[in-house]
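Below: a set of structures, written as structure tokens.
Shared between the two complexes below is chain A, which pairs with chain B and chain C, respectively.
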Partner chain A sequence: MAKGQIIAGDYIVAASVISLLFASSVIMWWKVNYQIQQDFMLSEMKAQADSALKLLIRSPGTPLNWSKEVSNVSALGLAKTDRVLSQAKVNAIKTIEYDRLRNLLGVGGHHVYVKVSAVGGSLVTEAGQLPDGQFVVNSRRASVLDGKPVFVDVSVWDRVD
Partner chain B sequence: MLLQTMKGGKGHPRGQVSLEAGVVVSIALITLGVIIMETISRNNDAQLLGESYRRFVICSRIASSASEAYSLGPYSTVNMTLPAAENVTIYGTIGLVSVGGDSGVNCNMPSGMVNRTVDLKKTGFITFKNLGGWVEVKGG
Partner chain C sequence: MDGRGLVFTLDALVAASLVFLVLAYVNGMVGENNVGDWSGTRMLESGYDTADVLYNTGALQAMNVSWMERIVNSTTPPNTAMSMRILSYTNSSGQMMQSNTMNIGPPVPDSQAVAYGKRTFLTFKDGGVEYYNVAEFWVWSK
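Let's look at the complex of A and B:
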């Protein structure tokens, strides 16, 4: 080999290594970006579940007697007073059309499931769609119905294809 | 493949530059250029993502403040201060909050608590007042 010659093979190897490093850093960026977007969505869903649950157990809804004419409900709430639920409203929530329920609970494009259950676990009422996706967040609070403690659960869920 | 060959005093080749080396250096420069462009692009993406997240946090706080005022009952008031002045629109009847205008972010809140659309231009302070069955929103 003549002195001072530059071997192209060395450059090709070096360029390949740099290209591989670059490609792996781009792939890592995509993964991190995807993770951030997932966290973003989950925190949004958690905020929506908490907000919906607070609304259900602490407010009576608008109009106050919306359970008599469910089509007239403009804001949803199950309470007679703070954290004391109305049996009529608990019964009426399951008759609300699903898209309307999502809108009233403010979950946007996500899905929602509301469950009221006795402390022993027996179901009192449920509304919405049972969670069936890889992203599910749940909020639970205790409340009172007919003088007995109950749990109110709000699940906000979604599936991402 | 020698582009240029210069003979030294004893006839040895010196300072050779091959076409392969030229091609490889060109590829290396192009690769470097792509890396720099990608880095700039990713940096811009990161800034946009950060800005979106900041607005999303504000949006969520506005939605939860409206819910809080509604849940607390008639004549309760919730005040909030935004970290920076923003254009805020609350579409109360459909339960949507928009922060930052056309290039901003949206988030949802329970519909019906605010019974109309409220447009707040470059506001830094928002008051939510429960007027019995609905929430009035004012900027300042």
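Let's look at the complex of A and C:
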């Protein structure tokens, strides 16, 4: 075999390896980049869910008696006192218009679903839209309603095309 | 065989292997999703929630172990465990004397990170304070 042909053969093998490497790097870079963006979005959604939940179970909202006139509410909270929920506010949250609820809970452009349930699982109240997307984060905390322990769940969710 | 060509190919293969290793490592690191991890702060928050639920339902003041255990078991997140110790003191002429100790939940592990918090509360009898209580709790990942 001629010397030139051997060099050309080696060159083709090396070029194939480099091309494969380049293609793999591009694919992995795209994948890593996508993963970082996704993790960032999920972290942001988790922080929003935690913060909304904290607001709901620990704050009475503004004005204090907002459940009497839901249209006046400027800050949302379900608490009568710290971690003790008010039945009137728990009932009133489901009457808040959805976009307003999202703004009051500070979830930005994402969707939100709020659920109050008994420890056994029976539903007490719910507000917002049930999660229907590939990105869903949920936060749950225990609280008290009418002298009994309940769970308050906040789900922040989104679908990204 | 031409030595120059062989060295060129070997170099490319070694370089490719190294870059692949680095990319695979980076990919593995990024793939680890940390959202939802139970950090110490969240465990502590969950402990305070449960302690407040115990207090606000009256289970803590009743010092009823089975009632307290039921609440602790039902409100503690499934991926965590919680243990509680209640120390009760009486006021004897300005001197706080420990009178009772009550333990709830499994023993606290000593080989892993544990979140610790406490809550104070009073119990009353005949219109006066009977006990000055400290409820200490420990929360850890199962």
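The rule is short, and it goes like this: the second predicted complex is superposed on the first by the 147 of 161 C-alpha atoms of A that agree within 3 Å, B and C clash if a C-alpha of one lies under 4 Å from a C-alpha of the other, contacts with A are read in each partner's own complex, and residues count from 1 in each chain.
By our rule, a contact is a pair of C-beta atoms (placed from the backbone, for glycine too) under 8 Å apart; a residue touches a chain by one contact, two chains touch by 3 or more.
If you're wondering where the values come from, they're calculated on a predicted model, not measured in any experiment.
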Once both complexes are superposed via chain A, do chain B and chain C end up clashing or fitting? fit
Quick one: classify A:P63 as touching chain B (first), chain C (second), both or neither. first
Scan A:I36 for contacts with chain B and chain C and give back first, second, both or neither. both
Partner chain in contact with A:V107 - chain B first, chain C second, else both or neither: first
Which of the two partners, first being chain B and second being chain C, lies in contact with A:S51: first, second, both, or neither? first
Quick check for you: in the superposed arrangement, does A:Y11 touch first (chain B), second (chain C), both or neither? both
With the two complexes superposed on chain A, say which partner A:K94 touches: chain B (first), chain C (second), both, or neither. neither
Nearest Cα pair across chain B and chain C, whole Å: 13
Once the two structures are superposed, pull the chain A residues common to the chain B and chain C interfaces. 3, 6, 11, 14, 18, 36, 82
As the complex stands, chain A meets chain B at residues 2-6, 8, 11-12, 14-15, 18-19, 22, 26, 29, 33, 36, 40, 44, 47-48, 50-52, 54-55, 58-59, 62-64, 73-77, 82, 103-108
For the chain C and chain A complex, residues of the former touching the latter: 1-2, 4-6, 8-9, 12-13, 15-16, 19-20, 23, 26-27, 30-31, 33-36, 45-46, 49-50, 52-53, 56-58, 71, 74-75, 77
Under the definition above, what is the set of chain B residues touching chain A in their complex? 12-18, 20-21, 23-25, 27-28, 31, 34-35, 38, 42, 45, 49, 53, 56, 60, 63-64, 67-68, 70-73, 94-95, 107-113, 115, 133-134
Where on chain A is chain C touching in the complex? 3, 6-7, 9-11, 13-14, 17-18, 20-21, 24-25, 28, 31-32, 35-36, 39, 42-43, 46, 82-84, 119, 137, 140-144, 147-149, 151
